[in-house]
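A single structure is presented below for examination.
A, B, C and D label the chains in the order they appear, each numbered from 1.
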Amino acid sequence: MRAEIFQNAINSIADAGREMLNRRFSANNKAENGTEVKISQLCKELLSEKGEAMGTALARTVIERYKSLDEEGRLSFFITLRDEFEPETEVLEDAIYTYLNDPTRENRQDLEKAVEAPRQALIRAMNMAPGGTSALLKMREDLQQCLKQDKSLRVVDADFVHLFSSWFNRGFLRIREISWETPATVLEKIIKYEAVHAIADWSDLRRRLETDRRCYGFFHPALMGEPLIFVEVALTKELSDAVQPLLEPDNVTKAEDADTAIFYSISNCQQGLKGISFGNFLIKQVVMELKQELPNIKTFSTLSPVPMFRKWLDSNLDDFPEQDDELGTWLKTSEFAESFHEFKQRNVDSASDFKDKDRDLLIKLCTYYLTEVKKGSAPYDPVARFHLGNGARLERVNWSGDVSPNGIRQSYGMMVNYLYDLSSIEKNHEAFVNNNEVIVSDTVAKILAIDKKR
Amino acid sequence: MRAEIFQNAINSIADAGREMLNRRFSANNKAENGTEVKISQLCKELLSEKGEAMGTALARTVIERYKSLDEEGRLSFFITLRDEFEPETEVLEDAIYTYLNDPTRENRQDLEKAVEAPRQALIRAMNMAPGGTSALLKMREDLQQCLKQDKSLRVVDADFVHLFSSWFNRGFLRIREISWETPATVLEKIIKYEAVHAIADWSDLRRRLETDRRCYGFFHPALMGEPLIFVEVALTKELSDAVQPLLEPDNVTKAEDADTAIFYSISNCQQGLKGISFGNFLIKQVVMELKQELPNIKTFSTLSPVPMFRKWLDSNLDDFPEQDDELGTWLKTSEFAESFHEFKQRNVDSASDFKDKDRDLLIKLCTYYLTEVKKGSAPYDPVARFHLGNGARLERVNWSGDVSPNGIRQSYGMMVNYLYDLSSIEKNHEAFVNNNEVIVSDTVAKILAIDKKR
Amino acid sequence: MRAEIFQNAINSIADAGREMLNRRFSANNKAENGTEVKISQLCKELLSEKGEAMGTALARTVIERYKSLDEEGRLSFFITLRDEFEPETEVLEDAIYTYLNDPTRENRQDLEKAVEAPRQALIRAMNMAPGGTSALLKMREDLQQCLKQDKSLRVVDADFVHLFSSWFNRGFLRIREISWETPATVLEKIIKYEAVHAIADWSDLRRRLETDRRCYGFFHPALMGEPLIFVEVALTKELSDAVQPLLEPDNVTKAEDADTAIFYSISNCQQGLKGISFGNFLIKQVVMELKQELPNIKTFSTLSPVPMFRKWLDSNLDDFPEQDDELGTWLKTSEFAESFHEFKQRNVDSASDFKDKDRDLLIKLCTYYLTEVKKGSAPYDPVARFHLGNGARLERVNWSGDVSPNGIRQSYGMMVNYLYDLSSIEKNHEAFVNNNEVIVSDTVAKILAIDKKR
Amino acid sequence: MRAEIFQNAINSIADAGREMLNRRFSANNKAENGTEVKISQLCKELLSEKGEAMGTALARTVIERYKSLDEEGRLSFFITLRDEFEPETEVLEDAIYTYLNDPTRENRQDLEKAVEAPRQALIRAMNMAPGGTSALLKMREDLQQCLKQDKSLRVVDADFVHLFSSWFNRGFLRIREISWETPATVLEKIIKYEAVHAIADWSDLRRRLETDRRCYGFFHPALMGEPLIFVEVALTKELSDAVQPLLEPDNVTKAEDADTAIFYSISNCQQGLKGISFGNFLIKQVVMELKQELPNIKTFSTLSPVPMFRKWLDSNLDDFPEQDDELGTWLKTSEFAESFHEFKQRNVDSASDFKDKDRDLLIKLCTYYLTEVKKGSAPYDPVARFHLGNGARLERVNWSGDVSPNGIRQSYGMMVNYLYDLSSIEKNHEAFVNNNEVIVSDTVAKILAIDKKR
């Protein structure tokens, strides 16, 4: 319903544009010699006073023209944005010297204005077009392709990021539950965007929206049919240690019997918002929503992948025995040396390649990996970095947590529970940020301690 | 409905905040020596990494703290914003010299970042609070009061304006019809904000929402119960020349018989958005909406006040006969000199003070005023400047258009029709901007011509 | 929003009707000799096969034709309904004799069909018109006027009642909260229909929708802008004993501090639904809604008028001392005889005419009136009959509960609290229905006991 | 959104019920000797005064108890309904004799009341339960199964039909467009209920909701997630003569280029509403909706199956040559006799079994079948009966219109266009009803004429 009304609004704006621009185009859009006005020329008009008067109509033309560009045209467009929408050097230098001579706040602010690339005003102006926000996201998606060829376009990208960070401010986002009552237009996007545990088809989706599952997304009012990010939650008894049981079609349980909420998948949907993060907000918000809806839920935890574990293990492990660090020490015990050697010899390609004794070995190695292996002073594993940075606690390391081919390939099937306990989030976060401390549960501490002490 | 859901979202965020912050406050919010943490300190935390983790909860505390401030506290808060959220001088100077030494686009962009006041990031961060956008609008409203005492706060105001211009981009606004079906929460704001022809009470409002009237507003998704601007329209036969008949309670006509839409009132609602203009967009959008709904409507025109006419006439007129300009020439004809002299002698305080012969005199003087009297190169009258700048045409000057005390006081009762013809808006606008040309109808042209030739 | 969409649906149906009927009317609606087809003729067509094909369009014509009738025309229309839409006697008699000869269930059912007046099918058919349900309610409202002149129309009325009871089945009603977020179209009806404590104007209404007040109504999907019945609730600390404080504009309290919900006004809105009762359902439903929203509310009680108390007291009292019943005995005690005599002498027209000692006297008399004075075996007072029949308990009798002129005139200012305790509703109800027992609180029991024992 | 709110309402009613009934059940629901109260006993209570007080809660128990019954239990329940909820014979006979003695309208109405089975009041009372309407539809669905075993239950079924006809009156139905914006809960029902051309999966569904397709359904406010009936429409250029091209996944066309709307599938969804027809209303309503949305659409036609054609042809054809009727005469021409004989010899099981010359033969036979073969005085083919009865015209008979196995099996692949021209619907309908006349297009008339004249 909302979508329809929104569409109406869009259409009526579009019609306005069409009418005004039909006139405009027949008269003005061809330069004197009959050739079409360039998109860069249109962009400049959009920034001029004319743009103010023509408002949405001119913005719409620019967006439509952009959409008709091919790959080469887009690259050329971004180069134009890079080169022709920089501040004027003289004006900028004047502002600089004025400030240096007399560094008042006012002169600083004038410099601020002089140094801002007109690109930003242009992006804001393009946003006036019907469907402008959506088109600009797509534009940045294209730009990211072009960036691979031409790093100098980064200055253009930075301007997009600057504006998107402001527009997609948490204060403007709406959380919405996604359920089987949700319009199919949104649901098909959930199928498309799920990035962690792929959704095979509509009946797979339906399973994930059953009464013992929840799904929440952030939406922006200018993109109501498009989730920005969504999280899938399973309501369970006790902490889940493996994802496959959660994805099974049957054994739907009763939500009112659950005591635990497992966040088993979180997916960003918009390539165009790369680098602008909402996950932190979404998880905490969903914890609150669930607390309110289901007071019986006491534990909130993820069931997360360890995407870099196998890569690290495979590439580094041979050297470890030589090192004199803790893992080295531990691995020197003959008991584990043997297990480890034997494990290395094997080709582990599927769950059937595991032996029971791998359990212990992998839990210890993975715990070590998550707590001790760093990139700078933060954990090397990006998922760990994200959740620990949010103030979560490393709760448990699970063997055979994800035995899908992908799970085996990424992490020898290991998965991790990060626990979100609102009462200690801030404390955890500060310890993590200020002291590089990884907060762990007693269970995890015990594994580390035993290992370390050997 | 939407409002409820929105409220729910807000509340659940608020609850989240409360919970996290209760903990936080009991632990941290009192400094070591027991005194309360200062709002400026909280603002700095909000900009720190801690802010990232605590998200909406910390933002909410800042906003609540701000709301509890008295006038003096607010002034002091804005002074803190001015003084403690400027860029660091050394960092800025480094960026400047780096750029001057090597003026690449990248160095220019680094300078752009260095020169931006952290205030902007702070305002963006405060917006994360539930109800943040609304609170920030109120904050700027307060700031405008403080500006009267301390002009140096303009640098702070400029940052608000910069962000609000981006957030309240036309692309994010929603047009909504306001009718007797609209929730009372919104309707009471229409009563409150009507700035041109005051709405006495609910039955007066109801008259303005009858079947032969329309009302449209722009809304922002973060402020759904709050119109930003609205316009009131009367559907009539032929161009209205006076506003009192439009406000009369009776004689409701049939919308389907009308051929003309009269925009008789346009009101900005948000003091906090002063200087950010939507009227241009709204009028054009409403023209489109009405064209679609009621294809019989062929003429779209305002019935506008002339707020500065009397002031101009009263203060300048005595000198005119001495001047050798066109009005002077015209006024030197004995016929008008007499009328004018007689008119000057009279005290015109109400409609009953008029004589029939004033009609001609005032129409001519007002036409002259609107077309010839300038502020720089643009018309002196602000309403004329707005509509002509939008590409409208000066269509007709009406005597006894507004015989309310206010109408007599502002403009000797004169009102003006500005005509919006979408097919000539752009042409008019360009003539106005490039050549300072005021586009007028034949009727108006005739008055000017005759007068000028005498 | 919903209203708009509904309106669209209605309009598009109406357009369909218009198109088809324009054709129809030009061809058929004038009888051969040029006179207009009678409404009774149209009604018969609507019941024929033609009606089936023409569906909504023909129904719409009938309804429009009905709306154009004056008072006389309406009376004549109802007489037509009475006389020309009775079953055919022969068919009916055949069905009777068939049944009497062979009283099978099937023959009984055939008789059921034969004995039903075709009026019912006609009313169902008229309901197909856009806005039909609303028009039929209005029709019955008119019919009730006509009934005053002609009691024989009762058979027609009975058919309306039969159908409305089925259509307005509790299962089809929607409860909706009415708040300041509700469209003005609905709110103005609340002002209009409030029947117990009149709402003076919009600011009076607003007070009744403040944060410490609630208002709920039943709506029917075919009449979404029209409440059928609504109840006003005050959230208070402790049981309210007087209505004027509840209606005062100021002293808004916090909903979260309240422990009691006082149902202080319940109003039926639709004359056309006279005799079809929803109040019982609404009160119990609202108790549930409030329990869910505000778990702190423990007590649910009305603050009700005693509309027949003064009439009873004034007309019967002189004779009582002579009677040998309980009130007689009690009143024979000299103490009360004096008070009573003195009270009778006074002209009580306003609150200022009361004396302190009246308090005791009136509470006792009113308690007696509510518990002992009967109409048949049920309480004489209609409000008591309603609430006690619902399973409520007579909780407290309040002096100076309603000191408005109306309150004094109806009941010497007395008001009553009836308590709804869901856990005893059924028990109370059964005691009331089976044993004519009036369930009272300890407080009330004490008053009765003391009095009776004297 | 609506669905959610509805669900909330339902839940809160249900909670009310639960609470009241928990108490009730613990106290009363076991008879004195400890056995459970019978459902028939509960039904009787529901009709008693107790039912009035306990309202929805008691209704809910009955419905829940019914749902827990197995097949045998249900049969036994319906037998109870049949036997124990008939009118009391004595009361009925009294009413009969009173009427016979004095056949006034009032006595007739008293008889009407006496003869109505209490079953109807019971069904109305059960409808008060949350989800009652839906449960009652299911109940009648079950009843239809039981009817197969016991025809005497028809009297029970007749009461359901009587009430459902009243409740599902056209005036209470809402038309809604079903699109890809519609919640998945509704869409999955479209997949399930499509009865004419099965929908394979979600991508097949999506094709049918593309921009050149439309789907509309009727909904009842008490069953908002459940379509009652829906129609699928293809927007095409010219009249479609075959359904397979319409179902193909690709070649989506532009809605704005279409001049024809083809109603290619209409499906009833509710077994429980068997015998209560909405199709007539829906088609005409959709014609109106489309006229309004897409003024370019000038032709509205079905593409309909001929479900009984093959059965008729196969079972009757051998005898025809002997008969002396028109078809006989025609078939006696040697030209067709040969074709026909040859056709009979062949086993036509799939499209590949056809020969080109079959085209002519089958079109003629099918045209004859549709226009001349009768059941009583109406066409033998049920689809023809439906559309011609609605006032549509037999427009064209198409060879190879449906070459699916089902199409071949039912009708040798024949399909028919019935044209809905609003300006002649009524005229056609009357000719059909009064004179048994089948209105045909010129094309069809030509085929008939030629054939008949040979």
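Just so it is clear, contacts are C-beta pairs under 8 Å (C-beta built on N, C-alpha and C of every residue); 3 or more make two chains touch, one makes a residue touch a chain.
This is a predicted model, so every value here is computed, not measured.
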item	value
Size of the rotation, in steps of 5 degrees, that lays the CA trace of subunit B over subunit C	180
Same or different residue numbers at the subunit A/subunit D copy interface, by half rule	same
Interchain centroid distance [CA atoms averaged], subunit A/subunit D, Å	49
Inter-chain centre distance, subunit A versus subunit B - centres from mean C-alpha coordinates, in Å	38
Two or more partner chains touched - positions in subunit C	1-2
Partner subunit D, residues of subunit A touching it in the complex	1-4, 180-185, 187, 201-202, 206
In the complex, subunit D residues that touch subunit C	2, 6, 9, 12-13, 15-16, 19-20, 23-24, 49-50, 52-56, 59, 82, 86-87, 89, 92-93, 96, 99-100, 103, 105-106, 108-109, 111-112, 115-117, 124, 127-129, 132-133, 152, 154-155, 158, 163, 165-167, 169-172, 174-175, 221-222, 280-281, 284-285, 287-289, 292, 389-391, 422-423, 425-426, 429-430, 433
